[in-house]
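Consider the two complexes below, in which chain A is the common component and chain B and chain C are the respective partners.
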Partner chain A sequence: MTERAMPIKNNNRRIDFKSLLWILPVLIVLAFLDFYPILEGIYFSLTDFNQFHFFNYGFVGFANYSYIFGSPELRTVIANTLVWSVGSTVVMVPAGFMLALIMNQKNLRGKYIYRSLYLFPWAFPAFLTILVWSNMLAYNGGVVNDLLGLVGISSIAWLTSPTYAMFSIIFVNFWLSFPYYTFVYTSAVQSIPNELYEAAEMDGYGSLRTLTRVTLPLLKRQVAFITIFGFIFTWNNFYVPFLLTGGGPGISTQILITYSYLEAFSYSNYALGAAYAIISILILLVFVIVTNHYTKMMSILY
Partner chain B sequence: MSNSKKDASKEAKSRLLPKHGNVFWLKGFAVVAVTALFILGGFVVLFSHPQGSGPLSTSVPATSSNSVTITVWGSGSPGGEQHVFNSTLAYFEAQYPNITVQDSPAINVASTNFASAAHAGNAPDVYRDTSDNAGALYASGSVLNLSSYLNQSFVNSFTTGTIKDWTLNGALYGVPVNTNGVGLYYNMKLVKTPPKTVYQMLQDAANVTKNTTSTTNTSVWGMPYGLGTNYGYRAAAWFPAFGGQIFNSQEVPVLNSSQDTSAVSFLYNLTYVKNVSPKGLTSMAQEQQLFETNRSAFIIDGPWDQSLYTSYLGSNLNVTALPYDNATGHYPAPIWGSIGYFITSPQASGITSSQIWASLKFIQFETNLTAQKNLFTKAGDFPSLKAAGAFAANQTASDPLAAGWIAQEAHTQIQPNFPQMNFYWSNFHTYVGNLYDNGTHNVSSVMQAFQNAVVSQINQETATPAAPVNWTLYGGIIAAVVIVAGVGAFFYTSRKKKN
Partner chain C sequence: MGSLSLQNIGRNFGKNKGVFDVNFEVENGEFFVILGPSGCGKTTTLRIIAGLETADTGHMFLDDREITNFPPRMRNIAMVFQNYALYPFMTVKQNIQFPLKIMKMSKADQDAKAEEVAKMLGIDDLMERKPGEISGGQRQRVALGRALVREPALFLMDEPLSNLDAKLRTQMRVELKRLQREFNTTTVYVTHDQVEATTLADRACIMNGGRVVQLEGPLELYNSPADTFVATFVGDPPMNMIPAKVKAANNEVMLEVLGQLIPLKNFTIEEGQEREVKLGVRPEDTLVGDQGIEANLAVIQNVGKSVYEYFKVGDLTIVKQDTKNSGLVIGQNCYLFPDPAKLMLFDEASGKLIYKGGKMVKNAPTTA
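So, the complex of A and B:
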């Protein structure tokens, strides 16, 4: 037996009850705030809980899932969710990163004013911002179309054309979200020791080389984590498509989470709504596991 | 790195990091605890939901001298309706000092909060809601059947239409406090006399639009109509004008009928053929904005927005019935719905017999003649009581708008209040709204898709057989999962130990 094995064997025999006591509150909170609602959602998705079977609902196995997988809407809604999540993430995360780099420049004057200004879209109540954008993007009398009209471009149905509606919600989401990512990246960039930048400067590195040789390698895991986090958050971001287009026109901006709401609260089909939500969670879970396998982005949490 | 350095590093790590054994046991404990909580939670979820029991029948005392507290959700729109609600409530509490009313005025009609609360058994005792939403809630078992609690003379004091609005399968499930629908508002600055036919209405709208259209811009529109707005509420008025309907007498949707297709084509053509409505209208607010600022001649809307229009247009505002369709020989018939009060079932709220007694007194008070007269004069609500209706009719001389509403009331349809109606609203928005947004001209295929969606959803919700839960089977499955997980965990941890 090696020296190293001895303490393991000894420690295995000893349960540290005090430690267990410390984690018990966390487990209890998790059980009620996380596990119970998830279990409830899974359970509802396996029943016929709807307006016709509100109190007298029963177990129907995977009938709801079978209905969903047979419905022509599912493919469109999943495609919309992917376009919405990927489209938003690839714009807002790099924009936040670039803005953070700009704001952290040593010789930048008035950076505190800029920081206050770019915080504004994020601090402003989101539903009001969406309302303002809804008016700005209106086909008739919207300021965007009025400006286009000044340069001879005819009005565009930003919110009511299937071609432009998704673009519009991604754009408004970008406007709402980029300050948050800028702040997150600002703290990440500031965590890099200044000595490394000074050394790079002494070695004659230019801005681009400093970025690719110093900043990016040191922030690799943070970038991966923030990107995945941004993707997950956007995937479940309900209020922009719901308030701006209501999922329309048709179902061209319906994403899984808004479609789940539609089924549950517009059609009072709570079971089907729960099944859509579970499908959304499962797709997201698979995506995160696969991504984590390749990027190890979760290691930032360990 | 030399061996001594490696050893030093290992020693440092062993001091800083928790002992491996402790971590192992903590992990083991966490796995067991989480599994146990999942299983426990699963059983809690399975057993905590009510299964198989219907609404309870409850006897109500004739009087109650004990103190009773009832909860009420909804008091109407801010302004006139809430003012009348509060003043009526003050009288009620003075007359019944033993009844305390806890009201939550901020909760609107058709709130999604109600279903969640009812399912959890925490619904209020009384809810102010629309007759159609309440109908679906009655079908769900959340609402009390009031037929046996209210005497026939009380029921007969209300108009036949509003009582029909609140009756489903022979059961009266609420008491109406008003009745309303949509009519045709017009700006007398732009249209001098109200149109009597659809043809006249289109002519007026076309003239207004044409006279204000330059080569690049239209400043005043004849009849802005966003087909996707209002979720088909206003559009429903036009199905009867073409001889159509939403559901037939067997409560089966007939949205793909040639009549309904013609009605939607007519509304679609306002924008794309007649050019009297702008494209891209996404909300009622946009139509209202045009009407309020003298930039449109007509708007189809209800009396709930009348005070708003009056504040903008003053004496230029008038309202008339949706005009007769001279081509089809039918009148448009707006859905003539009703708002009222219902009492929740014991299953939904845990209401007691004395609370039912207090709730009955409360809703009878809030819907009485004085309250309805006040609602008519202060909020413009059309009464559901016959006597209050007569009072409203007498006001016609002093209120020119009332004449228009009385004319409209002669051509209406009862609000469908069976649960299948739920599938009409959002599907209309999705399918017909998309038709308007895209300008595709393919009304027939859209109406077929609309019909298919409604039928599919009705079948999905009603036809799914609810099998009783076989607890032995599921208990066995859970036990099997636990055993397999336990054996797996044992082998896994054994292998870890060996490593």
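So, the complex of A and C:
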């Protein structure tokens, strides 16, 4: 008994300082990529760094934040960001999933051709696509309005009316992004062994029931991860609103990231821009922690 | 219950791959085994029966109802897949109940049914676990349970024991046979393991290159193989195959094998003629004597209940099996001869069995 009570020295737990050397490069890269910019950003957001104090900016505490929280724009911009992110995510991620399911059907002929074709627009430089769409959606002479005219519908100000602008940027973003989600889901769908489908088929499950009882539960984690990732990515997707509407008309399509840019580089109020960016990051952080708590989606990364 | 009939079933994958002209009948309640080497078309045949693969040719009947073009779900057939195909996110109970979920059956009935099947399989204490939390043998039982719970007309099993270790496999073999008797469900069982075939099967068919080469009771496959393929496939170690010649001269019929002449009774051959054959001798029918084929003992394998001795004769290796050691030492020369009552002769060209048990086989092919 006494022998068993003796503590066993655990050599595995000892920190070997030589091995720290091996993770040093990773730490250095992380420091440059992550820690430095973030810390610098946080620091800027606590200063009065702007056009007027370019060389002699100083620490101002939470002044920028209290200004932002007091400004009427914040609510609109956050609401816009939510509409933009949720709106894009709920169409592009399921569309990608559905297309992946369709593309992976056992008996589909010409799979490889479709796969290359649907990746093509995604491989195309996004800003060119956005330019094309911006022309197509133009009020005067845009293809979309011309086509509507043919069926007797009067022209719509797709990009220049507050009612339609948000819808338009979400639509273009959807058009631009869903091939990517198809691609991502394809590998998830392909990871399911065929026998699982065949067993269900023999038991009498039709395709819809197989989807809800087999495919979706099997891909629960992946779906959660891809959806949340899609949401975060869209939240920070600067391209589409900036190039298509520039946040307008008014601030009706301004999202946090474009607004931060606007403050920083159009009004040269770098500190305020940084503060907006930090607010955006903090909201996302809370979002990720909460969703991960419920979905455990991060576990697919380990 | 259910009787199955396959008529001229074929599925061509091209390049001579697939299954061709498969015919067999499985009677109600029968345990039917499809045996054959890897790639011979066993799985394809089973998948055609299940409806997961479509047949290019032929017809299929289940209880006199043609099911050739029925979708899988209309066939009332359950299949146990080689890798079990259990749903990892469901508990054992949910997996077993999966086929019932889609039937019009009350929750209480589903529970009772799953419980009953699980008891019978000895997995009723695992019901709330996930497939990832139980052993391979237990998973195997769950897969069986999922098939049993449906009470299908026909069971299909694709090498269901191949992922288990040797001991568990023996145990599950006994279990499977017991279950099949208990449920009395017609079963088509695929394996490449001839021991499994002989212990389980009421009847077995052997496939090779997509064709059925012999269909018989498992013992007949061993005792009267239709051709050299079956002869060497069934039995372990395989039957010794030695090139030989039948000669009829001076009113005597002799088998000339490796320079030795052995008198042959009842072999139909014209005086003065010769015929190329393959001599087939089972290891247990290989005897050591004072005269015969000169051989040199190379390897001795003693596995307890039997002793295998491997002899070299020129380039050939001849195996002899006995319950005890022959007393020879490695490197020693001796004389081997086949038990004349047991030796088999196969046609050189077609490989078909022509002579067995001291007489010609009925309808044996004559000289080509």
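Please note the rule applied: the second predicted complex is superposed on the first by the 286 of 302 C-alpha atoms of A that agree within 3 Å, B and C clash if a C-alpha of one lies under 4 Å from a C-alpha of the other, contacts with A are read in each partner's own complex, and residues count from 1 in each chain.
Here is the rule we go by: a contact is a pair of C-beta atoms (placed from the backbone, for glycine too) under 8 Å apart; a residue touches a chain by one contact, two chains touch by 3 or more.
Since this is a predicted model, take the numbers as computed values, not measurements.
Colleague: In the superposition on chain A, see if there is space for chain B and chain C together, and answer fit or clash.
Modeller: Chain B/chain C on chain A - fit side by side.
Colleague: Thinking of the overlay built on chain A, is A:Gly152 touched by chain B (first), by chain C (second), by both, or by neither?
Modeller: In the superposition, A:Gly152 contacts neither chain B nor chain C.
Colleague: Between chain B (first) and chain C (second), which does A:Glu198 come into contact with in this model arrangement: first, second, both, or neither?
Modeller: Only chain C; A:Glu198 stays clear of chain B.
Colleague: Between the centres of chain B and chain C, viewed from chain A's Cα centre, what angle do you get? Round it to the nearest 10 degrees, please.
Modeller: Computed angle, apex chain A: 150 degrees.
Colleague: Based on the superposed arrangement, let me know which partner A:Pro249 touches: chain B (first), chain C (second), both, or neither?
Modeller: Only chain B; A:Pro249 stays clear of chain C.
Colleague: Is A:Gly110 touching the first partner chain B, the second partner chain C, both, or neither of them?
Modeller: In the superposition, A:Gly110 touches no partner, neither chain B nor chain C.
Colleague: Decide which partner touches more residues of chain A, taking chain B and chain C as the two options.
Modeller: B
Colleague: Looking at A:Pro125, would you say it contacts chain B, chain C, both, or neither? Reply first, second, both or neither.
Modeller: Touch partners of A:Pro125: none, neither chain B nor chain C.
Colleague: Applying the document's definition of touch, where does A:Phe35 land relative to chain B and chain C: first, second, both, or neither?
Modeller: So A:Phe35 only meets chain B here.
Colleague: Taking the superposition on A as described, I'd like to know which of chain B and chain C A:Leu218 touches: first, second, both or neither.
Modeller: second
Colleague: On the combined arrangement from the superposition, state the nearest Cα-Cα distance between chain B and chain C in Å.
Modeller: Minimum C-alpha separation, chain B to chain C, in the superposed model is 7 Å.
Colleague: Would you pull the chain A residues touching chain B in the complex into a rising list?
Modeller: 7-12, 14-16, 19-20, 23-24, 27, 30-31, 35-36, 39-40, 43, 47-48, 50-61, 63, 67, 71, 134, 138-141, 155, 157, 159-162, 246-252, 262, 265-270, 272
Colleague: What part of chain A is in contact with chain C in the complex they form?
Modeller: Residues 193, 195-196, 198-206, 209, 213-214, 217-218, 220.
Colleague: Inside the complex, what are the residues of chain B that reach chain A?
Modeller: Residues 19-22, 24-26, 29-30, 33-34, 37-38, 40-42, 44-46, 49-54, 112, 115, 118-119, 136, 139-142, 228, 278-282, 286, 289, 347, 419, 422-423, 425-426, 429-431, 433-434, 437-438, 456-457, 460-462, 464-469, 497.
Colleague: If we count contacts the way the header does, which residues on chain C are in touch with chain A in the complex?
Modeller: 50-52, 71-73, 75, 77-79, 81, 83, 85, 87-90, 98-99, 101-103, 146, 150
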